[in-house]
């Protein structure tokens, strides 16, 4: 109860931004995926903080769903990545931009 | 129709005189184009009835004092209502008679002249169109109606000048005539609008009456000058005079009818029609006088060097029209109108005679005609001489009387310069007229050999008799008309109430004029007529002068330059270029820019997935930051 | 719902639509059947148009043949047709051009069915626009009359047809991009309850500022279609590219839609806006008159000449509209009618010549009067009309417009009248170069217009002469509307 | 148990999805049978949707609202599903063995969209959105023979999960700022919070997730690749049905947003950018599906104009436009599927000679692209008209002028399509297209609907207005 809402929110914001940076700068599909996961976690932190702020359970329920959906996301994402890696042997997103 | 004061026979006759030619025109064009004889018959019948009606009207209303007017509302609008109708007064009656008579004679003459032409029906259709337009112009009670038919005679002129359209020069001349008169017409039209705006209507009687007094002097002067612009165009006065000589590309009867006797005289007629209105503005009269004088003189000089027989008469027409305008502008209404009448007769005669020569010898060149034995065509030759004498103002031919009147009127003016100019004009006129006569009559030695063959070809056409009769009639008229001077003057002046004294008090004037004419004739005889004459005029000995006259004082060149360099090359090209490059270029450019932008935009969407993410994040950040601004 | 008597106006629309549907169900191969169906239905439409014109009660004036039915009540959209003195001449014009256009294309043998189907669609839109008094429908008809132009030009056209078609369509729809917002804007400013022009016309509905804004949008939007300088460049390009009948409808009727739209929508609803912008309209119109004529002087393609002359002539219409006087309006509407018939005749004649000689270039022609005197005669008649020869229809419109213009804008009037010289110059130049002079050897074997092919041209020529000699037939009708209109101005 | 009756349409789809899951396990089943089953299920769903049109109620602890608004969208969604199924007679773009899975995903996705249109709890919105997205990711990657389909799916996936992460963060901010998770709570909490950055930015970030679905700038960047790479039927589905779900939820969110000037301005900016970017980029396209992708982006801009009016009229206009989009885009894809029967990508130029090969299809294509461009008398025009009407009532005349300028630009490439179909003659004579009578009937009916609803929009407009009223209530 000691930590003010604003601080936690700032932390969540920082985490989300870090996720963004990871997703945009690392030339590796898996790292992009990881970056997005980090963003999701940032959002989850914000939810926790909000739940604390309003003393409600909804925020925490959100977090549980986020975790579940993130798992689904990773599984689907990895499936696609693995398939592509098998085909081309590359994880570099630069190799996947042929469409005009 | 609202009758304003006479019995129905007058109206009936007037309608017959003015409307029948239109019927003939429509029927010929629509139905009888393939039957030339029928077409000619229709046209002749119509114009003959016109002439009979005109004669009837003239006899019936000889001596009327008050004009008779019929009018019907043709078109009602907000501020303007267009009325059409008939105005019968001495001036219109005389003009109508002149027009109908010459139309009929020329149409009879054309039976021979145009025989065998593939466009025979078309010719008569256009002739009827002209007759319709001209008669209606003559009897117009409002300026608007006058303007409408004014344009229509212009159209008829265009069609008839370019009748032999396969000849480039003919179609070119038609176009030139139309466009140049159009320039004058625009001024006329503007004058019309000016008067309409300030006076509220365009009734000729009102304009000539007290109503015009309501207008401010500036408006009167401006209006008169603008209308005079139309006269300049139609009557081929300076500076719009060069279309008329070119108009001689048309068939000769056309030249006789339109471009000497009637249509070009419409300008003078308009002047006479609005004579009281013009009189309100001394400034305008002064300008008219000056323009008439300049036209008369420079046209005469041009006639002095031309070898083309029709061209000479064309210049002469300009010159005589100038003289009429001088007479009117000098304030003598009768003089101008009377000269218009006599001129119509003898100038038509001149052209028709020339037509016979041209028909016979297939050449317009007076020297060639002379060499090939022009003088052996006796009737035309005699008529030609009579007409030439009338033109030169030699008594007792009609021209003498009318010219004397004009000169008298000029002598009345305070400034003697005008009468001097008039006398100089008379001298020049006689000179160029007899130059032509002598060249034909006394050809320089050099072979009359080809004459026979041409004669036979002429006989082949078989129209000689048909062509001769109109000549004889016109010659008779030319001789006789002069003696009707007093009666005509009285008749014309009836509506004005008082009779202005004749210009008889310049006793010296007839002697001076006659003396000059005689001198001119002598000079002509010396240079062209006498045995062994070199047939080289004094003008031709001075090369620059010859060039100046021969080139029509370079007026045509100036127009050509203006048209080619300024209108076409400068304005038209500039506008066309501007349209293509700037206005349309802007539109196409916009299209190209958009298309190019689309291409760029499309390429932006093919970037690597992480660049796209950056775009997303930056946009989100911008949107978030926007909240704080 | 309100219908007074037999619904002639709906019958006209239905006649077009039925024709369209019947054409769609005629088998592809049966070309002459398509043509006959087209002729019958367009003839029926023409007959109905003439009937409406004759049955209109000029003594009573105002809107007649009113047909009103609620269409989209929640938005205040009505199916509302009526004619008054302004639209009646336009309906008649459309009927005539429609019918003669069908006959003019009698020799078509390429994708006949599609051609007539698009053509009927186009004309349906034109009729609808002239008769409708509901802004929503006016816009619908406006676009319906535009988009068939694209296939019509692009498929059956000639010189640079795809470029011309694309340019024309985009340019005109750019105009509609201004009209639609303006229409909705007016609707909203009036309380958002109705699109009925007769209701919106009540004085005091719009503030002066709104009127100024809306009128400008409408003027430019419709003005593009009326080829108002400097938005005219689509028009010559389109004329040149379009097939004959489409050129006829395009120059004869479509350009009138623009002027009519300015009149019907812009000037009726925003009289104060009109008064405010009138000097601009007059200036632009005068520039158009002179400029169009000057550009036409140096064109070498017959259709380009006519195209630019149309720019010049539509300038006269614009000048008339800008004078705010009865005569100006009378003259403008009359000129719209006359110009419509005249250009239809122009393109009809050019179409025939082009079919035979396969060229529209003036220097390549020459001497056609000898080879095909009748076809040339029609062109020359149209040219003389364009020049403003009296007793041919166009003269009266020009006369009235010039009178009004000279009264209101003396200087502009002088320039406009001066344009007459230029128009004479370029028209006669074309006539001389293309039709006079010695006949071209290449073309001597060609035949003149046969009687059957001549019918449409004859009709048009007859109309020109009829209204040239008896202009009051039309003026009496127009006058009923314009007098009331000017009287109603604030 | 009456409460469950409200859920029947969703349940029918759920049942169908389960059926296809089962069928997917049976490898030997013939594709034709699967197709007919799907057609029947979709038709049933429409019937059920129509039957429950006037249903009203709340489910699942107040987190699921059934009202006219949601039911109208459900009918639209099932209609979209049915139409797309109609052109799945020969899904040549997808491996024959995977057809059952294909339908499984299609039905699941539609189900998720239906859930989305009724969801009024932030969490249920999020879950429904993710469910629909995931189905689509897999659908895109299903395309056979296309090397890049999976790569496109991956890109689609990455942009999607990023958007959803952004949205989730937005939801967290929204929740943190207001403490509300139900939409009606939000509707009460948002209007007073016009000045709170936390709430407004949170709201905006939340909308980002829906923008992604609707392909609004700047979340549109997945669209071109995805449209081009997915099987034609999948693209058709993405372009039609999936957009409708996004429009529904976007409207729900906009309705509770309280209408701060900030939000409206941002939406105006996005609408303008979407239209402009979409239309400009479309000009340069050769591939037909890619062209439609950009056109969809532009269309999203128009829809946004209706929504950002934040008035019942605007919502009604957007609902009307949803139907318009459904019909006209579907018609385009119908033509595409028939012309490209082998499942390969086609360029605009490949439409050459269509007017000869099948006059009906050429006509349908022309009408539908004119409708997309907003030319009367078509439903597309009437939809745009209604949207602009709402916007001008809101005082957004300049925005409408920009939109109309865009319409003109868009007309250029639409005309290029018409040109290809009507003007260009193919290099070699192509055979006439074989179009089954049923397909002809469908095409004719849709063209008729497009024209009739364009000229006489009253019925649909009244329904849309009622739905909008239910939303605002």
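Letters A, B, C and D mark the chains as written, and numbering starts fresh at 1 in each.
Keep in mind that, in the parts below, a residue touches a chain if its C-beta (ideal position, glycine included) is under 8 Å from a C-beta of that chain, and two chains touch if they have at least 3 such contacts.
The shown structure was predicted, so the numbers you read here are calculated from the model rather than taken from an experiment.
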Legend entry - Selected pair, greater C-beta contact count between C-D and A-D: A-D
Legend entry - Distance between chain centroids, defined by C-alpha means - subunit A, subunit D (Å): 27
Legend entry - Whole-Å gap between the CA centroids of subunit C and subunit D: 42
Inset, instruction - Give, as an integer number of Å, the spacing between the C-alpha centres of subunit B and subunit A. - result: 96
Inset, instruction - Find the geometric centre of each of subunit B and subunit D from their Cα atoms only, then give the gap between the two centres in Å, rounded to an integer. - result: 77
Inset, instruction - Note the residues in subunit A that touch 2 or more other chains, in rising order. - result: 23, 32, 96, 99
Legend entry - Multi-chain contact sites of subunit B, meaning residues that touch two or more partners: 591, 609, 613
Inset, instruction - Going through subunit D residue by residue, note those that touch at least 2 other chains and give them in order. - result: 154-155, 158, 162, 166, 224, 412
Inset, instruction - Could you please write down every pair of chains that are in touch? - result: A-B, A-D, B-C, B-D, C-D
Legend entry - Contact set on subunit C toward subunit B in their complex: 167, 170-171, 230, 232-234, 237, 291, 294-295, 297-299, 325-327, 330, 367, 369-370, 384, 388-391, 395-396, 399-400, 402-404, 406-407, 413-414, 417-418, 420-421, 424-425, 428-429, 431-432, 435-439, 471-472, 475-476, 479, 482-483, 486
Inset, instruction - Going by the contact rule at the top, pick out the subunit B residues touching subunit D in the complex. - result: 591, 594-595, 597-599, 601-602, 604-605, 609, 612-613, 615-616, 619-620, 623-624, 626-628
Inset, instruction - Using the touch definition up top, name the residues of subunit A that touch subunit B in the complex. - result: 20, 23-25, 27, 32, 93-94, 96-97, 99-100
Legend entry - subunit B-facing residues of subunit D, complex: 154-155, 158-159, 162-163, 166, 197, 200-201, 204-205, 208, 217-219, 221-222, 224, 262, 265-266, 269, 277, 279-285, 294, 409, 412
Legend entry - Touching residues (chain side subunit A, partner subunit D) in the complex: 5, 9, 12, 16, 19, 23, 29, 32-33, 36, 39-40, 42-44, 46-47, 49-50, 53-54, 56, 58-59, 61-62, 65-66, 69, 72-73, 76-77, 80-81, 83-84, 87, 96, 98-99
